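Take a look at the structures below.
Shared chain: chain A. Partners: chain B in the first complex, chain C in the second.
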Partner chain A sequence: MQFSNLNLDYFSILPEIITALAGVILMLIDAFSKKAGRKLSPMFSLFALVATLASIIALWPRASYTASFAGMIVNDHLRLYFALVIVACGIIATLLASQFLDDEALPPGEFYALMMFATTGMLMMASAGDLVMVFLGLETSSIATYVMAGYRRTDLRANESSLKYFLLGSFSAAFLLYGMALTYGATGTTNIEGIRQILIAGKVIYPQMLLVGVAMMLVGFGFKIATAPFHLWTPDVYEGAPTLVTAILATGPKVAVFAAFLRVFAEGLGTPTAPAVGAQIYDNWINALAVMAAIGMTFGNIVALAQRNMKRMLAYSSIAHGGYTLIGFLTTEYAPVGFYMLTYALMSLGAFAIVQMLAREGDAKTEISDYAGIGFEVPNLSFPLAIFMLSMAGIPPMAGFMGKFYVFKSAWVSSPNLRWLVIVAIINSIISVYYYLYPIVVMFFRPPVSDFTKPRLSPMSQLALAITIIGTLYFGLFPNGALKVLQQKTPGAQQVAVQK
Partner chain B sequence: MSSSIITITTFFPTVGAIVIMLYSIIQLRRGKSREEIRPHYRWIAFIVSMITFVFSLGLLLGFDSSKSEAQLVTKLSWIQELGVYYHVGVDGISLWLVLLTTFMVPGAVMASWTFLKRVHELMIFILILETGMIGVFVSLDLFLFYLFWEIVLIPMYFLIGIYGGENRIYAAIKFVVYTVVGSLLMLVAIIALYYLNTQATGVTTFDLVEITNNIASGKLVIARNFQWWMWLAFALAFFIKVPLWPFHTWLPDAHTEAPTGASVLLAGVLLKMGTYGLMRFNLPLFPEVSYQAAPWVMLLAVIGIVYGALVAMVQPDMKKLVAYSSVSHLGFIVLGIFAFTSQSMQGALYQMLNHGISTGALFLCVGILYDRRHTRDIDEFGGVAQRMPRYSTMFLITAMSSLGLPLLNGFVGEFLILLGTFSSTVPGAKWFSVIGGIGVVLSAVYLLWMIQRVLFGRITKHENEELDHLSIRERFSLLPPVAMAVLMGVTPMLFLKASFNSVDSVRAIVESQSSRAAK
Partner chain C sequence: MFELPIQQLIFLFVAAVAVFAAFNVILQRNPIYSALALIITMCALAGTFLMLEAQFVATMQVIVYAGAVMVLFVFVIMLLNVRTEEARQDRVKYLKLVAPLLFIALLGEVIFVARSVTTTAPPLATTGNEPAFGTVESIGEAMFSSYLFPFEATSVLILMAMVGSLVLARRRTMSEAETLGKLIEESGKPQLTPAEPVAKLEEKKEEIAA
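Our next item is the complex of A and B:
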């Protein structure tokens, strides 16, 4: 498929433009006035992110499968929805960041700038229509987050976390890149829609090479979404990074990688009826992912049972949640993944936000036993944390339940082959209840520790917390709006492709 | 107005909970001390629960007992994308259970009066629990039902975990994990049912009434082995909740550790969610399989009856004794449900109410002694009747109603169940009925023995010489259930009439399929 027309549609990359520009401006603000920067940077970041949000909504009516920039950017509903979630995560993280930076006396300017660049990268992943673009987005966001993970420079744990994240991140990026190169070699194009066309037409040049390439991409993506058996970096990185950064790592990038993953696999390689190697590849990656989902859930949940550190527990729980999401992924629809990521992002951000507030300076108190008896000392933190835990455990009326329910329902309806996975997921949910209840037990049912002092809460953190709680309850009780948005399909995506 | 009465009854307690929350925030902001406003929470909760009871009486007024289907229905679209409706209504089965709930909650609030710490949270939990419990009984949408079913879990977990006894953490976690095991498997069955219904009819809906009708009219035919799986998934959730032997082990722990108010609600209402579920879901949705499974379920039920009674007999702890007596009594209810005769099922429903009232009252009685002596060991008491004559009378009546003395409520239920089971066509039903009869005798043994050791005889411990008389609050918490036990024992038709048609329609569904199942 040739793109004779470059189609330089700048409006379609407005969200990326805004965040990238904002990142640059934030660095300039910091360079010119350090003092004003502390006050100005968070406000400006928020402003920029809200503007991004507005630009995404403005792009909504233009959603179509026409690719711009020679097929690099696709502006369909998948992109727009995931961009919305990514920016929402960014807004909540920004709200939380100001207190973190103040409490720890860390320089604010770079942090906000890095966050903007990371967001840019994530948005690029969501809008990528080309493997090259996927990689570009992934690296842009990764490099920013590597730095953020080590943002508390004097802290050894944070350094270790950052280094580990960087090494394993690069390693996985290499896999991904190699896979992309092989795919390019085998099909002659890096355009995702193009690859799909070639598979459908049965014109793959080197089928064996394509198999290897796809397998390597699967490994690369597996690393990035931290599903078993490629999850090993997660607990250490999540534990060592400053809690706020963990919150960011666990949500935004994951959402974005899932978007790109959907684009490449569910769309590009979602060719069950293609001749020869096309169908074979489809079967292979579906089966591989099904196994990865089952292992991810089971491993994440079982190891989480043994955790006594809140951040590590949440890290393993996020591996398990990745597994649940993969079940939705296997339906090759974006709706279950999208909805699950939304609910997951809300409750994870909320939970990590509370962990951060309770952890104090230098993340001193992140053991679950540090929470003993605080239930009634700080009800404004303990009850929300209980809500997030119950939500993650999948107990209604919280959003986590609705996310799981939607994924299970979609999987059950979409294919009989996925039903065993739903059963595995249900058994996992039962296991997970036990460890999600543990913090609640400690907070509410144990006697309080004597040296507990109430943590400070800035208005912005309170706002962030309120958004996550209301979101968690809202999408648990009234998911209809979100589900409606997710049901929107870009009209004629398949037909357009075939006509070309 | 008349159609929204159910919604009002269901959510009024939640409104009350929010009021308490806001009240506490406002008053503490204004600098009032916690001690000063503590009584207010109790009163707000009490008044809210009483108003809820009055609302629920409105259900009775609007109810037409000549109909078998759900009445006072509200059906609103809730999650269109999934075919989930806010669909509530009551029929003859759920009507009485809703009333039982609203009747028990004021008692539970009064029983929780003596707590001095975390009072407003306690009241909030009880009120949210009430919403959940009513919701379970009135929902006519599978999804909505599941939602309420799980919501009940959270406040009960906190009630046991925060306000319970020494082993409360263990008991609370056990309670939740057991329930979740059952309910998540039920969730799979719900999804599967939804899927099959969608496939068969092309309508995406979780609406219970619609699905039940589709099954009854043959529009939705489920393969036999699939039916079995789904039946098992539903049944497991309900068996655990009931609890049927051998799924009962969470119950004694939960009861012993729970505070009195929570015990009252746990025994009085929560356990009925299980038996209600069997009647509402398993029987009409999978009549064939229900009929086939009936002998096995009845076997478990009678094992539970005898086992519960025998274990209750040797309990040194009054509360544990009552808890095991619940295992035994709930066995009767399950026995009655799966005998599929009009009498037995009516008796089962009646026994659900009886057990709620009698056992709730028994827990109140135990709680009253515990408040005075901070022990529940039977050995610690003796001769209580000399110090607390009024209390002893009430305790005695309650125990008698629980063991099935004629002219008290328990007799009616157990008699109907045993009679109905004896005339049932389910294989082996006669034997089960006979063994069940032994259970009645055993329940007389353990309850009377406990009464004798606790209330009568000489005062052996000097601490018991100074026991206080019943306070006004305690009297008012005990009087309604005791009066109700007498009323229900004397005029059962008053209650049975309203439920007859609904119960009979469930029986008819099973019977119409039983011939097919027998093949």
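Our next item is the complex of A and C:
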């Protein structure tokens, strides 16, 4: 292969370059000055993430289907939009991290570096044009989050959570990799656009092998987005990990995996009109995902009803939200998934941030009963938490309502086969109102607990909270701006040549 | 029927060794024997790679996996001084019954795929002036042309894995030692064996769980 065919477009990987470099520099800051690192590291992380944000926006006019680095990197609107959400999650998490690390007296340097590397992996997932890149991005972000889950090393629950996440995560990665290998064997390429072309041309070498390969990839992705029946790890890991890390686990990686999932399934395997096995595969994965969405929503919501621990409840609620997102996924458009992920990320980060602040050192107070009567003691925390809970329940005018509405509407319009799912989802949303209202009732209408002291709030945490609250209300009231961005289609989607 | 080609015979032998050794890995009670069986599996896999004309991968399989990685495994097992797997009560008994069923389902899937694969695979597309398949040259060319970006991305992955393992395995910081110290003071026993803080932590965990 000639170098001129590779299209080494360094500008298209600028976001990944910035975050990876920032990770290395953060480690150097920590190595040379431990004292200054505590102040400098969060500032530098924020600076790097804002620079990444700027580079993504600068890439926007260049969005096209022309892949760079021999088909490894795709710079289209899907990638840019999801990268934006990922980096936004990273910024909010960084703002929250400094207080967490101070309160727990944990060493700061590696935490920020790991967060930067995790962000690099997530960005790679969003921009991957090849199964190899999807896997590398997934592993980079996963390994970083395994370590972050066990960052508080004296806490046995955190250790258990980290180990459980690591073992099950590796197991699911093996499934994903095996699926990719079989897909490669069946089609002769790992390039996602290449797979699509082969399906459309009807040139699949071994159709059965492709069926099994796709099924295994579905398992791998299903695990990472924590949808039922691959959700078993979620409650334990979310409960045991430090709350800030839980906030990171529940948002950034999930957004990124949905981006890669869309790329592989909605784009690569989204071939309803292809001859023979192409259409069969499309039908199969659509049906499988529909069932997964229905089980995920129902199971998540019903089990969440019985939870008395805030973090476990939010974990089951995130399984349910994964189910709602899958309904948007089934339209094979990226807009509903993207908008739902944006709203979900904002309200989840906000909710977990407040749980983190109320939990104190060592996550001691995460039972819902610990929140009794604090409503008017700390109105600056209880009212935002109420907003996030109502938003998750899907009550207007919060962003959660718009997210759900948009997903349900696109599914209802796009295909009559999805209408039953929308009905299941609406019933589920009604069930979920009960457990989202429960913490609010406890906070405002129960007699207060006696030993309650007001938690400290650093300016950076306040800023992060403000961003999530404003975002939750803004996208609930004025979603048009975000939706307009999402409905941009990369031009020339049809005339794409197979790379390689 | 009676004249099996020599390649097929070698393949059957190598494959049988690989499967037998892989079963041995999970059936052995002593972790050292498991690790040794894993080395045999790796070497047998190297044999299959060799038969697929992937000489470089076969060499790497022996040097890196059977050599370096497994030496590390054996070292760790010996340093940890694990002798035999302790017999302990399984918490969920029905899993013992479900696991073989799932294994059979997966095996069925593999057979389903394997049956569909014909031996007359389409030849690889070549332009004629490429280096021979499976050689160091062809792998080097792929690595630094089409797979350039994944190659670089892997370096980030490995760096991060290194940082991560250091974070989890480094010495206790002052604050962590203090946390442990506090727990020890609370227990009211100044003369502690190293195992006791952990027991104390477990108690605390149970309190939280209760």
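Basically, the second predicted complex is superposed on the first by the 492 of 500 C-alpha atoms of A that agree within 3 Å, B and C clash if a C-alpha of one lies under 4 Å from a C-alpha of the other, contacts with A are read in each partner's own complex, and residues count from 1 in each chain.
Throughout what follows, contacts are C-beta pairs under 8 Å (C-beta built on N, C-alpha and C of every residue); 3 or more make two chains touch, one makes a residue touch a chain.
Note that the coordinates shown come from a computational prediction; the quantities given were computed from them, not determined experimentally.
Once the two complexes are laid over each other on the shared chain, residue contacts for A:448 go to neither chain B nor chain C.
Residue contacts after overlaying the shared chain place A:275 against neither chain B nor chain C. Judged by the number of chain A residues each one touches, C leads among chain B and chain C. After overlaying the two complexes on the shared chain, residue contacts for A:405 are found with chain B alone; chain C is out of touch.
When the shared chain is aligned, chain C comes close enough to touch A:156, but chain B does not. With the contact threshold set out at the top, not one residue of chain A is in contact with chain B in one structure and with chain C in the other. Only residues 109-110, 112-113, 115-117, 121-122, 141, 145-150, 153-154, 156-157, 159-161, 163-168, 172-173, 175-176, 179-180, 198, 201-202, 205, 208 of chain C touch chain A when the two sit together in their complex. Partner chain B is touched in their complex by these residues of chain A: 375-376, 390, 394-397, 401, 405-406, 408-409, 412-413, 422-423, 426, 429-430, 433-434, 437, 440-441, 444-446, 478-480, 483-484, 487. Against chain C, in their complex, chain A makes its touches with residues 1, 3, 6, 8, 13, 16, 20, 23-24, 27, 69-73, 105-107, 110, 113-114, 117, 120-121, 124, 130, 132-133, 136-137, 139-140, 143-144, 146-147, 150-151, 153-154, 156-157, 162, 182, 205-209, 212, 364, 500. Of all residues in chain B, only 78-82, 118, 121, 146-147, 150-151, 153-154, 157-158, 161-162, 168-169, 172-173, 176-177, 180-181, 184-185, 187-188, 191-192, 194-195, 198 touch chain A in the complex they form.
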